[in-house]
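Please find the structures below.
Each of the next two complexes has subunit A plus one more chain, namely subunit B in the first and subunit C in the second.
The block that comes next holds the complex of A and B.
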């Protein structure tokens, strides 16, 4: 029995409560209270329309609001794209490094991992400079190669803005996904691969039958991180396009801000945050459950 | 058909040569054991046969086909790993059938061949289980099943029993022998356990520091060890060895003991520096009924006795070392008890002190 346990026995629950109190306080103050407040706010009318209790009217508005559905659809699309590009490509990179490049893999990992330590807002700013329509580095590069570049730039073009955001997001997170997947892959015993070689398993068959099942837990974890992260995504889109052009890159995060501060419908915006929160809690608890099972 | 020929095999890891001059000719259906202390190059040799390590020098052929540059799966070999290396996410049946599945064999054929291997190995009841749900002995069987299903020309084993407890190890040893008799494929079996090698193999290859010390039948290596290293490695307890010098009519050991030896058997001249060796089996207390062809009796003081049930090991100081004798009628001896030991000098071995090479002619 360790010292800590003995101490705890002596001090009892009161001591435990004191120890977790600061965290509980902060959590309550900045997470739980605002959530309750948002739910409460969403049941009332906008201040400039009297602010009376209107029940679920804001939620009914949402169902009828085409922009809400565009944002929702973009969010779902964003999740799917990020699953493919971040988790999918991250996993493939991890497999390549795991199988081939043994030496120098730390250097490569560091380089690929680096974007993760940069705040998403900063990433957005960096990339909006790179993608600036008139003088941005990307335009200069593409022009130098003699290729055409859309006159409004990538982010100003309704068809290219969304893919561009997906690409920047991938640049941001592939390294993180790859690092998690690589760690999982390196936990697979080498002699399984040797046995598979003797059994005549091709590289793809080995990946499919041995590597993938061996990293199933990590794959689920990464997917849930991406799903939750993509669903509540905000900074990157806001800095790069603010949801535009038109509503072509509108996601719930940006639409909530727009509704609150441009359309002056804070109560409606609160209603949408409640929806995001509920979905996030759903996937979040899935994530906690699977990581607990993995532990 | 599946004869394995190894010629001038060498292995370098960077600038370090870990294996050199390995020549071995294994006939079809033969069971050969590679033994030696840890790090002597057994696994490296086996893995070069398997194709898991590049061959730095020399050639390996299986069934008259040089396989140096073939993929592991094209060599006609199957390997059983020390860790078993079972695919953890596949059922026992899929583990065993994996090679056939990835080769695109028809489902019926896969099922039949897995069923046949399962029958040989008594695994029929476990085909749907995952490796994690099996005992150590069962996993070992699945690993062998995976090898059998491929119908290889050569079976390769790398210390397959060292993860099992002593009792299971003895059981599985018998099992491996039985399967070898039933399947009949050429087998190369790596172990650091000389008892395993002695009991299983038709021929034993003893390795040391990346070189072959001796290749021979179990009787050969036990009765006529080619070097003092082999003499000390094979046999439990090991052969007693003491340094000495050849004099007229015998050998003088450290401490001045003079052993009367018929030197005509040993091919040494007077003055030669040698190692004098005698197995514990050939040193027995007087009156314990050993038929000694060339008896020499010595009074010793017992330092320790170890009753093993059917026999007792007797330890006594001799020629500057601790020697071991054997007593067939079990009796505990007192520490310090004076006993007259009978050495059967007709069984003595002499080795060159420098090279360790055997000098004794028969």
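The block that comes next holds the complex of A and C.
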């Protein structure tokens, strides 16, 4: 018996190694190593300027670079706006479907969720045409309502481009948030609502005191998805505005790509990507913490 | 329902106090809000569908009307420009990435969740911590490395990083599923003398279909829709995929909206159809729920 146990354990070790090795190897080679390399590269000068060791000079440049701060600010604004619009409106819609309507909820749900399965690049292409300054449907609609439309279009206007991207993002994700929240709301026992009704509480009071506390976990899940997703934003901004006009919609993703491949400052871009890495790992630990609490 | 009948007399006075107009509004407003938003979602989608079979003139001058004569030629046009190569490349890259990614993730997640060996907590923590890493945060070193390997503009140059980037999320989902897997089943198999391989393939995997399906759906959509890495690592003609192909089309035929929208439609409709047929799975997959 003792022999058999030992033998099995030995087999097990080989098994464990074989099981973990492929994933770990690819993960180490294509994620961990480039991450370390990003940090290493960021301490050196650009290849076309000799590539010597320059310490933290790239980071000093970053602090002095107004475009870096615009990108940073836009990333933070993106997270906040997306939390308000995507999670906020998604939750309200979910509550309306859960409590407010009796018929047609399946059809409505299916339609509102649908934009999520369209590729970000395709969404960008579609909306860049809808928002096109001369022939775009949005212009025709706004003109038909007798309202003025900016001559450079919404995406060509430095003040309106960012809100427009936020709106397109909301169009893309509200249904997703709504669906997660709705699933959580449907798990709330119906007799709680019944009791609230008997007590004569208003629709708003019911939402505040029964629905919201009942969907706390789903709200955290939605917020995490939106925070990580907004921070990763690249395609939508790239396709709609390329970070313009005049850097007004620049985010870290688009600025890193621009710095590396258009401004030919790959090592400076690597420095910015280290900043992104640090924030992403912070979000990762947030995920560890929330999943621990849930378990 | 019987409960409702008992409750109704109690709530009646509270309701009677409200004006019938207010009651009517309360019932109608949710529908108005939701249907208005449905229209906002549907108009662009329907516009893409109708514009893809219009002439260029009609797209600009009658954006909301139906085409006088449906221009199915717009779709034939896509293939004359060679777009089928890009679609094929996307299929190769997606299948080539997702299949090994999911297999490796299942193996790793199972070992990390169910087996006892040194360092498994550390490995899992490392993987979770990187799950939020976007491609652009490792883009430059990754590009240089793939270039050094001579893999730029090759399938492998797209596939290997895709597999690696998909592993953290897949492992996290599968890990939490395997963690809750009933230990009695494995224990029984072990006592019967099953090898760990047989336990995994004959007992655990058949019961893990929902979690695996979630991961497969999510990763298939992610890799199929991926743009940034493809635009950097496969900028040439050889292994161009549909997402980078459409951007190139947009640059090349910028005023030919029907042609570009025909591509958008062709690439979007299959996913929309699958989504409508398998909604529940899509929602769970995207929410990162394996159970």
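Note that in this section the second predicted complex is superposed on the first by the 278 of 295 C-alpha atoms of A that agree within 3 Å, B and C clash if a C-alpha of one lies under 4 Å from a C-alpha of the other, contacts with A are read in each partner's own complex, and residues count from 1 in each chain.
The working rule: contacts are C-beta pairs under 8 Å (C-beta built on N, C-alpha and C of every residue); 3 or more make two chains touch, one makes a residue touch a chain.
These numbers were taken from a predicted model, which means no experiment stands behind them.
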| item | value |
| --- | --- |
| Partner chain in contact with A:284 - subunit B first, subunit C second, else both or neither | second |
| First (subunit B), second (subunit C), both or neither touched by A:236 | neither |
| Touched partner set for A:15, first subunit B, second subunit C, both or neither | second |
| Which superposed partner A:122 touches (first subunit B, second subunit C, both, neither) | second |
| Subunit A: partner with more touched residues, subunit B or subunit C | C |
| Partner chain(s) touched by A:200 [first = subunit B, second = subunit C, both, neither] | both |
| Contacts of A:94 with subunit B and subunit C, given as first, second, both or neither | neither |
| Partner chain(s) touched by A:192 [first = subunit B, second = subunit C, both, neither] | first |
| First (subunit B), second (subunit C), both or neither touched by A:214 | first |
| Contacts of A:131 with subunit B and subunit C, given as first, second, both or neither | neither |
| Contact residues of subunit A, present in both the subunit B and the subunit C interface | 194, 197-198, 200 |
| Residue ranges of subunit A in contact with subunit B within the complex | 189, 191-192, 194-202, 205, 209-210, 213-214, 216 |
| Complex contact set, residues of subunit B against subunit A | 50-52, 71-74, 77-79, 81, 83, 85-90, 98-99, 102-103, 146, 150 |
| In the complex, subunit C residues that touch subunit A | 3, 7, 10-11, 14, 26, 29-31, 33-35, 37-38, 40-45, 47-48, 59-60, 63-64, 100, 104-105, 107-108, 110-112, 115, 117, 120, 123, 125-145, 160-161, 163-165, 167-168, 171-172, 176, 195-197, 221, 224-225, 227-228, 232, 243, 246-247, 250, 257, 260-261, 264, 267-268, 271-272, 274-276, 279, 282-283, 286-288 |
| Residue numbers on subunit A that touch subunit C, as the complex places them | 11-13, 15-16, 18-20, 22-24, 26-27, 29-35, 37-38, 41, 93, 96-97, 99-101, 104, 108, 110-122, 125-127, 129-130, 135, 137, 140, 171, 174-176, 179-180, 183, 194, 197-198, 200, 203, 221, 225, 228, 231-232, 234-235, 238-239, 252-253, 256-257, 260-261, 266-267, 269-270, 273-274, 276-277, 280-281, 283-285, 287-288, 291 |
